[in-house]
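Each chain gets a letter, A, B and C, in the order it is written, and its residues are counted from 1.
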Amino acid sequence: MIARLIEGVPRRALAMLGVLLVALTAAPLIASDYLLTVLILILYFAYIGQAWNIMMGFAGQLSLGHALYVGLGAYTAAALYVHFGIGPWLGLLVAVPVAALAGAFIGFLAFRFRVAGVYFAILTIAVAEFARVGFDHLSWTSGSSGLFLPVAQYAHNDLWNLRGHPAMFYYILLAATVLAFIFCRALLQSRVGYFWRAIREDEEAARSAGIDAFHYKMIAVVISAAMTSFAGVIYAFFYNNLFPEQVFHIARSIEIILGPIVGGVGTLFGPILGALLLTGLAETLTAALAALGVNLPGAKQVFYGFCLLLVIMALPDGVWPWLCKRIGLTERNQ
Amino acid sequence: MPADIYLNVAVGGVLTGLVYGLMALGLSVIFGVVRVVNFAHGEMMTIAMYIAVTLFSAFHLDPLLMLVPIAAVLFAFGYALQAGVINSFITRPEHTQFLLLVALAIIIVNVLLIVFGPDAQNVQTSYSYDSFQVGPLIVDATKAYAAAAAIAVAVALFVFFKYTRIGTAIRACADNYTGALVVGLDVRHLYALTFGLGAACVGAAGVMLVLIVDVTPALGPAYTLLAFVIVITGGLGSMPGALLGGVLIGLTEAMAGLLFTPSAKSMFAFAILVLVLLFRPQGIMGKRTA
Amino acid sequence: MSALLSVDAVSKRFRGLVAVDRLSFEVPEGGIFAVIGPNGAGKTTLFNMIAGVFAPDNGSITFAGERIDGLPPDKICRRGIGRTFQIVRPFPGLSVEDNVIVGALLHRHRVDAARAHAHEVLRRLDLYDKRAQRAAALTLPDRKRLEVARALATDPKLLLLDEVMAGLRPMETDRIVAILQELNRETGLTILLIEHVMRAVMALASRILVLHHGAAIAQGTPEQVVRDRAVIDSYLGAEAVSA
């Protein structure tokens, strides 16, 4: 099985991946607390970017409301913990289906009624906004005043309750990102992956070749939503507070898509590279501004906006394909 | 609650809705002709709003007097945007154009945030608290003036498109891009003109709204979304549809705010959007394409 | 020979325009059946109804003994009807090989089995050497053959070809004709084609249906049809008869 996964990948790429993996595994040992937090953010966005990429890059459905799944995952697990003391790993068993159901709902509405392209994107925005305002009024999760998770301790790592040192979260996210990467690779090479790509290229032609587009688009949406909700659970237990205004906000959804778009939609490594570039550069910017004594709320977002603009205008396929050509790494399935 | 209150709120909603309609009209015109989904629509309006607020606080210039100049500024902005950037994206896939405007929206909102800060600003004119009494109705002066201005601009736009040469040329481009090219129309210029007009509409709407609401940078995305709801409900590409949709949404918003909590009123707009997308995607007055 | 496809009194109108008017015909199994006629005669509308793009207003379409009118395109393909499009639609961003693998995956769930089958089909269609190229980079004749390959990979019993010779030079036309004849001979594949290129029609078809204004004006062997007065008047013209 591993042979199939690495089939067609040039040796150089594998070597580089190996080095990267080792570096990432060793990072918490040498990184400062601040750098560790930045790395955690990078991995978080890399992971979610992968999940989003399944819907867009593989199946061609533009979702601008992915914060919905993060929020649903986060709130479900957090509420279960706060109200019933249920740990996050058990909470996942509820959170993931909830998000998957939401995804299925959106997918069903959209695909049954032929809502596509930009209209589909608007639909996803609307549902996320509906959730944002809705959760503001949901008293079970403390509405707009925010849901707070009790932080018992920070000193030792309680893996079961996800309470502990940031390094614990780092390794969880690292494992998740690596697994997501492998999973996506396997998906792309599978029958489902071929059908998704066909649908993305030309849905009508795909149907004429016997592909039940509705069925496969639904699979993409549900997998994407489910994967994203896991990140939501981590989010909840890392930050320990949730506000609907922040969690479901469209700015979050846009942050989610930036990595894959800048890195390269539809590629495997794009979301990871994108997250690295964007978060890395943004934090550098913030640090630089802080060093100059300037505090500009919104500067980071302006930076993101310009990055997006630049990529769309100059490198529409993303940085990763361009980089691949530059360093001579053209892979078959990318 | 006594009937008068419902009536007053409803009328207020309709009047505000007319301004919303003008805003959505701009979006509809842009989409109807250039086929660009302007995701930065609300953000462009916020630019106009801040210009109005700044001019008022610096020079005490009444926003309504500044309507034409500010609309002109937005026109120039829209024209430059289309001519300089978007025109080269005509042949690119739909979602690429969309994301281009998403990027622009992000930049605009946050630059405004940096420059003006997140606190709400507003304009208090001499007539800010006046109202007219029409029978049992008590109508806010600001809303009345704003609505009147909105109608005036909308009518001017209708007349332009129906009766002037340029207006007809633009409609030709909308109908048939290649055909327009073939008969020698400078389509790129006309597209830019149209985007400029759409931007001018939204700029004018922004100036009017400044009289009615408080201005924060966060209004940008909120109004973009609202404009989409209106345009999709009324019918993408239909000018009367945009106004109708605006009135409908303004009314719904006002009544929902009265009957439920004010903060939940956007939920109704979104619910309407979802329903329309599902059951009548061409909107109330749109034409079915496909 | 039994009828594989049976079209029975099928009609379709589009907002006042009658595109297909109570059309009936049968395609025998293992035969090559051509539909010809002037532009606007309703040929592609007919195809679209058979392929499931839209349903007929009246009448029925029966395939291998079961009714298929009203079924969606993917179900129809799964029943065994493959189709190509008048304006070629391969998957542009995918490689030639992947295009055909998509088709092969319909009835084979393992990618390596699908790939093997795809290679067979590509060899038959003379595209094996180009299998790594992106579909969008191919020439028009190659893209047309690619579409045929993709449709063939779905193991159809009936292949619908919509003006597959359009825009091809005579040499390329002959090449595709040869491939289709070979397919029909060796595998018994039934072919229904819309065609304007009479050279191909005469070489391939065992039966021809002539459409005009949505109705059949002639049906029969090539020799019969080509000498039919109505066909000559409406479509072929007197010179064509001597060809």
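One rule holds in what follows: a residue touches a chain if its C-beta (ideal position, glycine included) is under 8 Å from a C-beta of that chain, and two chains touch if they have at least 3 such contacts.
Here the structure is a predicted model, which means the values were calculated and not measured.
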By Cα-centroid distance to the whole-protein Cα centroid, the innermost chain is A
The chain whose C-alpha centroid lies farthest from that of chain B is chain C
For the pair chain B and chain C, the C-alpha centroid-to-centroid distance in angstrom is 50
In whole angstrom, the CA-centroid distance of chain A from chain B equals 33
Per the C-alpha centroid definition, the whole-Å distance linking chain A and chain C comes out as 44
Within their complex, chain C touches chain A through residues 51, 72-75, 77-78, 82-83, 85, 89-94, 98, 101-103, 105-106, 109-111, 114, 150-151, 154
Given the complex, residues on chain A that touch chain B span 62, 64, 109, 113-115, 117-119, 121-123, 125-127, 129-130, 133-134, 136-137, 250, 254, 261, 296-299, 301-302, 304-306, 308-309, 312-313, 316
Given the complex, residues on chain A that touch chain C span 189-191, 194-195, 197-198, 200-202, 204-213
Seen from chain B, its contact residues with chain A in the complex are 37, 85, 92, 94-96, 98-100, 102-107, 109-111, 113-114, 118, 217, 221, 225, 228-229, 232, 261, 263-264, 266-267, 270-271, 273-274, 277-279, 281
